[in-house]
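Letters A, B and C mark the chains as written, and numbering starts fresh at 1 in each.
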């Protein structure tokens, strides 16, 4: 379905300097630096997969997405999506994809949402029957009946994002690109959006590629993760694998009376306050039971809780590990 | 075409949400041009003619340029507004729509408040057409239509060039104003009054005089050759390099994304 | 004073960063000025007797107008200030321990000066080098030049205090684009931006001369060449001071009222 191989992309950026003298200097000469946005990026995604594309800001996520959408042409490499090269057959290619840019709207600000949808129908030349069926289905799934007649500007952020999703799916695309779809949403809306994306994937078999900073999105939605850093794909695997890799890290929180206890081998202090410590464990060296026993020998333990680390921390750990 | 009309309806619907601000804007647009007109008429309270052109003749010229400009602006405002389309990411959105880009840019912005200028051009025509003392025959009427239509295509091409520049630089764009806004402002007088070099420039490089000065001479009966009547048509090929430049800019955007 | 200098410095550096913008701006203003002068030259040729100013005065008027465009034109507004009003950020501004009128005033003035300083010198230099009838001439006397400099500063003050009134009315209307356009078009016309006031026929000229707009670019541009000289120049500067005081006072009173409204609305 999607196949990228050896994609490279380099940008030339003028360096702006700070300070008065430097600014004066820049009037006459200017330095440029080359930014390797993507280096030898290769991956394949099959039909119906949901893939989370993660990495820190500036790692190359949006460059990759732009290439797959046909907006950017890479310097070299092959990109084949559903048999087409996006930047060569732009119009045929984009008929099959839907794109949601989380921070930009495609809805008309002062016009009822339903009218924006009608316009999209005409842009994509969606035939009337299919449009009606799609719209009814999407509106019911996302619970939007009442707001079709209200102008976009009066919607809440959550409602707007749901409408953005509808707008990107009216033409039944085979692939959906979501760029930070839950950014800024409240908890209820986030859950609704995630549930909807899941449903969509299982009902229609739509391939979903999702960039996000919200690890709960990843946990809730994707089986597969692509990690990009400094323009290179660093990891391509399932969330489970990732979890296993970092399973050596468990945290235990102790609340106790008395002085701060000493730690045993395989335990690392993460935070300490009077009467409370949080400790990382390496299970191969020290099991949770051993750790608890070790601490309770020294102080009177009031409460203990054991937790695996969150996806959030896992990814932060990964970024550290790869130094990105 | 049907889709374009739909876009027009959407723009109208959006802009009518704020009626007062719409009318104030239209009035403002009207006034900006009106002060220019006032300046011209003040000058003619002192002077009978400039470079041999009397007041109603100059008005004919002013109205032609103003109308050509406002038509170009009404339909081609998307290009005039293009730097912002790039910066806001709207261009990326257009690129993921299965439609050719040029009509999308045209449809992306239609500001009805710009009608303020068009209304003024029409009013000035209403005064100048009879006052100019021209004996209106079918060929002269046709010449005037050609002047306005070809003129709006030249201004439109200038907007396209402006948009093409914005693929390369946002900073240096201001210079294009000499030709767009400047073309309109200085075009209130026949370009010949600025001297031979300026007239040459606006004949061979930026063909603003081709739809203004030369056919005006035909209208006023100072030249009778049919060549002067058809001069506006010669300005049309200007659209070709403009479009080519825009395509070139777009291909650069495809490779740098900025 | 220090925070205001900091604003000015920041703007100036910002202006330097964008060298092609500065170059393009200069070229635009130069070309614009040249075309204006050619148009006036055509009228002069048509009938020198009907020309109400000396031709060289008109030429200097236009060159200086283009060189100091950013100081004089009412339509250079501060987008930032409008935004802070329409988005409600003005509430944060009010929380700062700095007089808001003074802040906006100096921000606007600093921005204009930064822009003008950067662009004016090259334009003036080139204008002083073009062939004779179109050349920018020197002021007739050193005293006249000093009067010109004083008048420039006052005129900037009048322009900025007029802009302040427009910012403040935005608090009431919230959608100011139209009103802004109308106010700027009229003010600039009456200040002599399109044609200098001596070209106005009577009674328009007499009316325009007594309006506050005549205290804007009209005054310094005519003082420079000696079109207004001696007693008349001093008198003109007096009028500028008068309008500056009136507009600033009026602006402060209006602002007090408007801010009361913002506080009541809760921003």
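The rule is short, and it goes like this: a residue touches a chain if its C-beta (ideal position, glycine included) is under 8 Å from a C-beta of that chain, and two chains touch if they have at least 3 such contacts.
For clarity, every value in this text was computed on a predicted model and none was experimentally measured.
Q: Closest chain to the overall C-alpha centroid, by per-chain C-alpha centroid: which is it?
A: Per-chain C-alpha centroids compared to the overall one single out B.
Q: What chain pair has the highest count of contacting C-beta pairs?
A: B-C
Q: So the centre of each chain is just the mean of its C-alpha atoms; given that, what is the distance between subunit B and subunit C in Å?
A: About 28 Å, centre to centre.
Q: Suppose each chain is reduced to the average of its Cα coordinates; what separation in Å results between subunit A and subunit C?
A: That gives a centre separation of 50 Å.
Q: Quick one: subunit A and subunit B, Cα centre-to-centre, how many Å?
A: Spacing between the chain centres: roughly 46 Å.
Q: Spell out, as numbers or ranges, the residues of subunit C touching 2 or more other chains.
A: 19
Q: What positions in subunit B touch 2 or more of the other chains?
A: 18
Q: Which residues does subunit A have that touch at least 2 chains other than itself?
A: none
Q: So in the complex, the part of subunit A that touches subunit B is made up of which residues?
A: Spelled out, the residues of subunit A in touch with subunit B are 11-12, 63, 66, 69-73, 75, 87, 90-92, 94-95, 97, 99, 101, 104, 106, 108-111, 115, 119, 122-124, 151.
Q: So in the complex, the part of subunit C that touches subunit B is made up of which residues?
A: So the residues of subunit C touching subunit B come out as 18-21, 23-25, 27-28, 31-32, 35, 38-39, 41-43, 45-47, 50-52, 175, 177-182, 185-186, 188-189, 194-195, 199-201, 204.
Q: Quick one: in the complex, what on subunit B touches subunit A?
A: On the subunit B side, the touching residues are 2-3, 6-7, 10, 13-15, 17-18, 88-90, 92-93, 95-100, 254-258.
Q: Quick check on the complex: what are the subunit B residues that touch subunit C?
A: Within the complex, subunit B contacts subunit C at residues 18, 20-29, 31-32, 34-36, 38-39, 42-43, 45-51, 113, 169, 171-175, 177-178, 182, 186, 189, 193-195, 198.
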